[in-house]
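Presented sequentially are two complexes of subunit A, the first with subunit B as partner and the second with subunit C.
Moving on, here comes the complex of A and B:
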């Protein structure tokens, strides 16, 4: 017997959470783009999507984040630090890869200097992961040692029932236990079996990849030029990545007032590293692609003991030139040694 | 909050060279000053800004022995630096920092010091120079080799004069061939060449080297010829930065974040980095 959340209780569940002061965010299909957004009822949710096109990163590290509001006069400046709204949120129906992405980024935003913006949003959020029932050809979680039913980054774990009538439900953190307490009357004990976890084929050998990347002799390999030849440097892969965290800080406004913002930036862009002098340490697309791969599978591992990839496959799925990380890592796996 | 800077009042501005200015800044708020005094050590950097334009990264050019103010020296080249260059006494600008690591000057005690700087790289070197000269008794011989393209491009001219007058500092000044004026009496030649001629002894000596990449490259060769080991040569690197605290993802050379693990490195550490990423 396990606890289950029946599908027909989901509306009551949402209502109970809203009553407890939470906003509920879930996958939604609006216009041409699927993403996480606030929902009012179960029918607003697009839970059958394999994966939303946009990641939940948008709600923790938004595309643009106001940092400081300022007003300028000749000898004085009036500035006010802005803070993210302190609103309790539940992310319902997060895929394991996206939930892992948050856990992967925590140490980066926390080393030495704590990024208050990230952690404020992290601390007011509860992640309800739903294990995958389906995978597509781009999914690659198993290649990065995760799985379609990984609980990494989750507070509550849901596993779809084979019957399709609901989910097995289990708290996997203290925050998750507290959340389930708010809806315990809606949960039932059942012997319904969970649906089988989909098979996600391993697309590359991450150990082999890491070993090749760690060899300094390969840093200037011709491989980087060949593999990145068709990259147009659009940055889509970085913006749609659940772990990419690079940003810019820009002032927007007129002469007398405005807002300093933290905006998404991308290692794919030439301006990202360009010095004022004109010198650019990463002056070719191949060097920028190398930075992206090295950062994810070598530098990040060295600093935080984890690769900065959760295997969602969006970089490949949504690449306008059909490139992506998978192809590069497959190629590295297959390089003659 | 993490990205909120300190307001700073401009005390004075000094023109150093064509397009190069030094701003002397004082703290507006007592608590910011206390924070700076408790944390600043020579070699660290900050992000200097003006609301409406943004922030730029440069070193703190004033020494850790003088923490009542911050001096920064910069070349006017982009939006932020152009606006900063137009600041007047009394204006409010911003400072975020101090960030990064430092020159371990307590490890330099009892040793000879050789400072080598090129062009606008004197400011970071100058912070270490004064940090040591202000406690002169702790160090042995002090040699400063400084060069610029032309006589006009030498920065801190009044301090160069002061160092020249001191008998406990050996100042070697040079300008690139063609950069001299008719009344120039110091050296003419590139820094690495002049350094080799001056031939400071590597014995019990720490070298602090700052300059444009091409100068660093050839000066390191000269230092090696003179017998310096890469572990005894310190330098400071710079890269484009936005956050200054290891998050925005752009200043790394290989796996090394200049903003957090640097900006101060030994030549041995720099040589271990992937050179193609510098």
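Moving on, here comes the complex of A and C:
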């Protein structure tokens, strides 16, 4: 017997959570785009989507974030720190790759300096992960040693029932246990079986890839130029990535007042490494693509002991020229040794 | 011999004779229905070229990227009519020397490939002459009419919702053959003219600046629209700008490679309705 959340109790669940002071965010399809957004009822949710086009990262590390408001007068500078709202949030129906993305980024945001903007949002959020019932051609979680039912980054785990009538529900963290306590009368004990987890074929050998990347002789390899020739240098793959976390600080305003902001930035852009002198150490797209791969599968691993990729496949799925991490890592796997 | 095989062997011959340094075409993509840009530098690589009705992207963007043509050598490229139209605009704006480009022209009609005869831009005058009377795809026309029927407030609301999705990844710019500026206005930071922040105002600034820069220059290939990862219907903006230019100047971008760029030239017949 396991605990289940019947589908027809989801509206009551949402109401109970809202009453307990939570906003509920779930996959939605709005204005021709799928993303996580606030919902009021179960029918607002698009839980059948394999994956939303945008990631939940947006709600922890938004594309633009005000940090400080400042005002410069004749004798003083007034500044006011702007902090994100402290509202409690539930992310319902997060795919395991997106939830893992948050867990992968935690050490980065807490390493030498604890990023209050990230952790405030992390601490006020409960992640309800939903195991995948379906995968598409671009899914590659198994290639990065995750799975369509991974609990990494989750507080509560849902597994769809084979009958389609609801989900097996299990708390996998203290925060998750506390959340389920708020709706325990709505949950039922049942022997209903969970639907089978989809098979996601391994597309590359990540160990082999990491070994090749770690060899300094390969840094200047012609491979990088050949594999990235068609890259047009947009930031679509980085901005849709659940783990990419680079940002830029910008002051917006005039001489006397303004707002300092933290804006997403992308290693795909030439401007990302452009020096004031005009010199650019990454002066070709191939060097930028190499950076992206090295950062994810070498540098990040060296610093935090984990690869900065959760296998969602968005980089390839939405690439205007059909590139992405999968192809590059497949090619590295197949290079003659 | 099918067109694909014919173009493959011609491409291989051009490469082996050294007449072109590169052939830009299509290869198989990561799924059965996808094609991706393929760069053939050897006759063997040319054997991998694919040409079928899934080859829809406009490859001209690569002609103006990374100084490809700066060595004066020739390249060959697979182009359908909107690509030829783009090339006309690039030539008219002095960005590409026509003698450097060998064209493998094709059209997709009723889900079939038809070859277009000719190999240099001057051979495709007929394509340009058809632009004047061409109608936009029914879906674009229908959506454009829906927007035009809206009140300004409703239309503003529509674009506000659409632009609020923008993440400033600049995929639209990078996919567009007309966005060849060595340093885009949004990348200029000394001083910074356009906000880099991706809030609604910043997104409006970016998308409107791009729309204005494309007025009278857009080949309506839809590359920006297809590239947009958050599905903003960018081609509707460009369609509208094209219509404004057509009505004001009777000008159709990309009709020929020797037309004068409309916003960079002066005619005594130009309307002066803006002078009060």
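Heads up, the rule we're going with is that the second predicted complex is superposed on the first by the 337 of 337 C-alpha atoms of A that agree within 3 Å, B and C clash if a C-alpha of one lies under 4 Å from a C-alpha of the other, contacts with A are read in each partner's own complex, and residues count from 1 in each chain.
Everything below uses one rule, namely that a residue touches a chain if its C-beta (ideal position, glycine included) is under 8 Å from a C-beta of that chain, and two chains touch if they have at least 3 such contacts.
Keep in mind that this is a model prediction, so the values were computed, not measured.
With subunit A as the common reference, the superposed partners subunit B and subunit C fit together side by side.
When the two complexes are overlaid on their common chain A, residue A:316 makes contact with subunit C while staying clear of subunit B. Of the two partner chains, subunit C is the only one touched by A:233; subunit B is not. By the touch criterion defined above, A:258 reaches subunit B but does not reach subunit C. Of the two partners subunit B and subunit C, more residues of subunit A are touched by B. Touch criterion met: A:248 reaches subunit B and subunit C at once.
Of the two partner chains placed by superposition, only subunit B is touched by A:273; subunit C is not. Overlay on chain A (Cα): least separation between subunit B and subunit C is 6 Å. Applying the stated touch rule to the two superposed structures, the overlap between the subunit B and subunit C interfaces on subunit A comprises residues 248, 250. Residues 31-33, 53-54, 63-64, 137-138, 229-230, 232-236, 238-240, 248, 250, 252, 261, 263-264, 266, 269-271, 284-285, 316, 318, 320-324, 326-327 of subunit A are the ones touching subunit C in the complex. Those residues of subunit C that touch subunit A in the complex are listed here as 29-31, 34-39, 57, 61-62, 65-66, 161-162, 165, 167-171, 173-175, 187, 189, 195-199, 202, 223, 226-227, 229-231, 233. Considering their complex, residues 1-4, 7, 51-56, 77-78, 81, 90-92, 94, 213, 238-240, 242-243, 245-255, 260, 274, 276-278 of subunit B touch subunit A. For subunit A in complex with subunit B, the residues that touch the partner chain are 67-68, 70, 72, 74-77, 79, 81, 83, 108-109, 111-117, 216, 219-220, 245-251, 253-255, 258, 260, 262, 265, 267, 272-277, 279, 281-282, 287, 291, 294-295, 298-299, 302-303.
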